[in-house]
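The letters A, B, C and D name the chains in turn, as written, and every chain counts its residues from 1.
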Amino acid sequence: MNKGTLLRWYRTMMRIRVFEETVNEKFLAGEIPGFVHLYVGQEAVATAICDLLNESDYITSTHRGHGHAIAKGADMKRMMAELYGRETGYCKGKGGSMHIADFRIGMLGANGVVGGGINIAVGAALAGKLLDNGRIAVSFFGDGASNRGTFHEGINMAAIWKLPVIFVCENNQWSSTTFYRNSTAVEDIAVRASAYGIPGLIADGNDVFDVYEKADEAVKRARKGGGPSLLEVKTYRVKGHFIGDPEKYRRREEIMEQLENNDPIKRFVQRVTDENLLSSEELTQVDQEVVEEVKNAVEFAQSSPFPDSSQAYEDLFVEDGVQ
Amino acid sequence: MNKGTLLRWYRTMMRIRVFEETVNEKFLAGEIPGFVHLYVGQEAVATAICDLLNESDYITSTHRGHGHAIAKGADMKRMMAELYGRETGYCKGKGGSMHIADFRIGMLGANGVVGGGINIAVGAALAGKLLDNGRIAVSFFGDGASNRGTFHEGINMAAIWKLPVIFVCENNQWSSTTFYRNSTAVEDIAVRASAYGIPGLIADGNDVFDVYEKADEAVKRARKGGGPSLLEVKTYRVKGHFIGDPEKYRRREEIMEQLENNDPIKRFVQRVTDENLLSSEELTQVDQEVVEEVKNAVEFAQSSPFPDSSQAYEDLFVEDGVQ
Amino acid sequence: MREVTFAEATLEAMREEMARDSRVFIMGEDIASQGGIFGQFKGLADQFGLERVRDTPISETAIVGAGIGAALGGLIPVIDMHFADFLGVAMDEVLNQMSKIRYMFGGQANLPLVLRAPDGVTRSGAAQHSQSLEAIFMHIPGTKIVAPSNAEDAKGLLKAAIRDPNPVIYFEHKDLFRRKGQVPDGEHITPIGKARVTREGDSLTVVSYSRMFTEVEAACQQLGDEVEGKVELIDLRTIVPMDVETILASVRKTHRLLIVHEAVKRGGVGAEISAVVAEKAVEYLDAPIVRIGAKPYPIPFSPPLEREIVPQVDEIISAIRGLLNARI
Amino acid sequence: MREVTFAEATLEAMREEMARDSRVFIMGEDIASQGGIFGQFKGLADQFGLERVRDTPISETAIVGAGIGAALGGLIPVIDMHFADFLGVAMDEVLNQMSKIRYMFGGQANLPLVLRAPDGVTRSGAAQHSQSLEAIFMHIPGTKIVAPSNAEDAKGLLKAAIRDPNPVIYFEHKDLFRRKGQVPDGEHITPIGKARVTREGDSLTVVSYSRMFTEVEAACQQLGDEVEGKVELIDLRTIVPMDVETILASVRKTHRLLIVHEAVKRGGVGAEISAVVAEKAVEYLDAPIVRIGAKPYPIPFSPPLEREIVPQVDEIISAIRGLLNARI
């Protein structure tokens, strides 16, 4: 990997991390309403995978969608404004954390329904194929979502139609309060690929290099018409399921262990430092820029107006006024 | 297999065959309304599997459900009367071909929704487990149904809970007008078992001996608390999807080949004759009795009254009169 | 004008729209090789190929979900639900994705998509193959709903639905497919959102749609002079957005209202129509508002039971007679 | 009487019924270890064990489908849908299995099963976590539907639902869970199918239920003397079967009707109530029937937008004032 790539990865991971930590803080300060799920600890996944995509490629996301949006290139200002419910937000305040989308960069939306985005990605890939425009699609979803019928139906359909789509299961070991092995009948979700005759890959989700390498295979396969892949990335949800989660269902030590020895950003820094790939000055500069960027995003959000109540009646149908 | 078993199998297969051929005839004569799907050619499956079950065990069935009901021990008279829409039918005329059930023998219903019965069987097995009454459940469904989300969700749930249920996929190679390889991403549906960490078995569905042997394994496993199995039985749908199907989607020779060389009853007769297990007199006697039984069923149906229109207002809730 | 069946009329619409716009494609179960259970897809695969006339697995959540994704990706999907009853299988996709995407994302994307849903009672289909479910979807903001009663509107509304940049559910009654009707030559579009007054009268407004509209017509025919000039008959055609103006104008003239649909009466479209009138024109009413719809039971299989649960011409006739004589 | 929260009242019901009848069990997502998002399952797993308080995978079709099978197999399942919005995921199971099994099989089997569906607007949940969907299910024959507005009925109706031998959907408003109310000591059951008149009056009937009922009460409180002895307030409590008699008797006395619910007004429960009155008591009406419900848009996230779409106390107050002065 060249320096540019490494710096880009680092910046993306840090942008997600700082964004999320700031959202956490602002939520707890009562500035952000709604239900908010943080992507902290999973930054390497969205970063590596979206780095393999063009702006015109599609992704679909989940309730835990900030990281995917940032990695796909969304504007933090408009994201933060959306979280704050302001009219300058991506959805003019109509969506909030669980419904951020940016259609101009192929980000087809976070989704409040677990497994709800999987088939939207399948359809976007079908469009790519029928329109022959070279676009591929990636669907991000969790271990919990891999037990939904949409997972099964969507992958089967993509497999028989050889659609250019990659199913990325972020196995962060928890779905809300439930340990994945208590709800998912297999240890490696990737083995489910065999039910559809497609490749099932496993990556260390907290190692941006490994995710990149495995995803690269899947992306190449999709681009050359080889059809879908299922990529399981093993990661860990270090925060509560949502901000405010009392987390009575797991041991504190389990989380500490992950924070200490498996943080994707720490691991990245360790490696690039050990291997002398990036200097600490380079990293620090990124840090500073990211902190500044997030600060600006917060200020933008805070200083943006709430939507006027009349805007509630816009955007339902293409023609305004029709109900 | 002892003679009693063989004769029982033969009788069950013949009862299904003659019932179905008679239904075909009566439907074409305009005596039976509704949509009717025949089980002809798949008789060995229901016969062998239900022979392994107790009356108190549960089955759930499909739109193609007559064979399952007969094999589980349903009364042909009441079945035929139901097909004729008479008040003496199993459902008092409210159900018809796609909704025959006999709860007293654990036949929890045919189902007009493809894949709709799978989770009902899962739940019945859960009841068996929680009530500790030794009952197991079998869900019959088609190759087409194996692409429904209910298949995935139900098997996963049964697997993590180790429920006493057997998922029997009757792969008759066609789902309506669609060849199964055009809709199902794998050659052997049994491989899908690996997505749930449970055994996936394959049987020759037109060989009652083979179905019995494979199903026996699955039933034993369920009875001793080993959890679910997925059993794919390879068979063939020799009739149209429904009575009246113009069948423009497949070659006549494909069907003829099956009828000639792969008919489950022919193959059974061949074997028991070749191996001198049953005499032709014994078989003929069964034939005669079955023909008589079906004739009686038709007469019973024909001579039964239609329900009175007032009966339309019964059976919704346990308390009559509530809507 | 040419006489064609309702099914052929929908085929003309598909052929014309698929020829006009290469983004239009259709997918569903068993539509390509045999042309659909009701012949409504006959020949489409031959003409447009299997990429644009796609047989799918039995995977309704994937079909509708992928339809949504395809629309977002620049296509115009027409999706066959096989039977309207199976809309339940894809309900989350309709309720939480299709109907909400444009609004909840702040109008960022259009979602041109048509769900074709063959509904209603035919050939003793029984509980799971006979339902009329439009009222359920009327209650969900974000989707237009149409329900033609004849070949002309079947063609015109399907073309309008395909051209509409919003999601549209197109309910086509299974028993209407084989019925013949006149269809105008050349380009023919029925605007979404406009009801049609097919018979004028001064004493009773009857609102209906889909197959039941033809039953109301049959009732009026049987009543002959009794209703001539008295009954004003409205074919609603579009359920959402509803042509409330046409209904109100008629009721203000006739002072009486009967609503007839095949769907269950309780919580049906008739309830909404009645409520709108009771809110906006109650002072004009000279009689109770009467609704005819299926009784609140699943549709039973046996013909005499089915006839009991589903509205029949007789019931319509006596309601019309009763209302023409009613006064409060 | 004791003061407990709505969530605790449901917990009492669960504990009492699970202790009374070993066939009762509960399953759903994330209910065992942390006691549910709204604390409505706290301690149940400790008391009854993980066999009878079952955490499930995120598999709503399997959860409801298996619930049906379990009921047929002799258990009494209580199923938590997590959010009512996810009923769409299991819609086929509700629409085509649960609601039809008894009838279409000719009454062979009972189906005692309770679906608990936390609904309504709270904490800016946005489009997919804020819906009130009872009207959709009211239109489907074969399922009872209840929607308590306070702790007492929350307990009483949940116990009644569990004891009912038929399927019942129990809508519990998310914003009510933490509210306190008086609950009678000892065994307490609220009969399904009976509305409650909570305030008597002679000039206007107001029908409401669930959280909106508390908003109507707040409106009346604010209006004070203006409505004293004039407004008759009915808490519907059960949506199916509906207590039509209580509503009609009241309207025949007051001659005016206002219906208030949080669900979308179009095609809502209010439409059915209005239509029943327009059919059975139109001659008593001295004013238009007014309905208040959410505007036909998905629920938006941002607080000012959400307030615009969802009914507020102000709107109720001016509707009451308007109706008290209305005359036709």
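Rule of thumb we're sticking to: a residue touches a chain if its C-beta (ideal position, glycine included) is under 8 Å from a C-beta of that chain, and two chains touch if they have at least 3 such contacts.
As the structure is a prediction and not an experimental result, all values here were calculated from the model.
Of the two interfaces, B-D and B-C, the higher number of touching C-beta pairs belongs to B-D.
Relative to chain C, the chain whose mean Cα position lies farthest away is A. In terms of their C-alpha centroids, the spacing between chain A and chain B amounts to 45 Å.
Averaged C-alpha coordinates give centres for chain B and chain D that are 40 Å from one another.
For the pair chain A and chain D, the distance between C-alpha centroids works out to 36 Å.
For chain A, the set of residues touching two or more other chains reads 91, 93-95, 99, 111-113, 147-150, 153, 156-157, 160, 182-184, 316, 323.
Annotation for chain D: residues 56-57, 59-61, 85-86, 89, 92, 96, 103-104, 126-128, 141-142, 240, 266, 295-298, 300-301 touch two or more other chains. Within the complex formed with chain D, the residues of chain C that make contact are 85-89, 91-92, 94-96, 99-100, 103-104, 126-128, 133, 135-136, 138-142, 240, 263-264, 266-272, 274-275, 277-280, 282-283, 285, 287-291, 295-298, 300-301, 328.
Those residues of chain B whose C-beta lies close enough to touch chain D in the complex are 58, 60, 89-95, 99, 101-104, 108-109, 111-113, 116, 118-128, 130-131, 133, 135, 137, 149-150, 153-154, 156-157, 160-161, 314-318, 322-323. Across the complex, chain C is touched by residues 33-35, 85-87, 91, 93-96, 98-99, 111-115, 144-145, 147-149, 175-178, 182-184, 246, 248-249, 306-313, 316, 323 of chain B.
Put simply, chain A touches chain B in their complex at residues 147-153, 155-157, 159-160, 182-187, 191-192, 194-198. Remark: chain C residues 23, 25, 51-52, 56-57, 59-75, 77, 92-93, 96-97, 101-110, 141-142, 144, 165-166, 193, 240-241 touch chain A in the complex.
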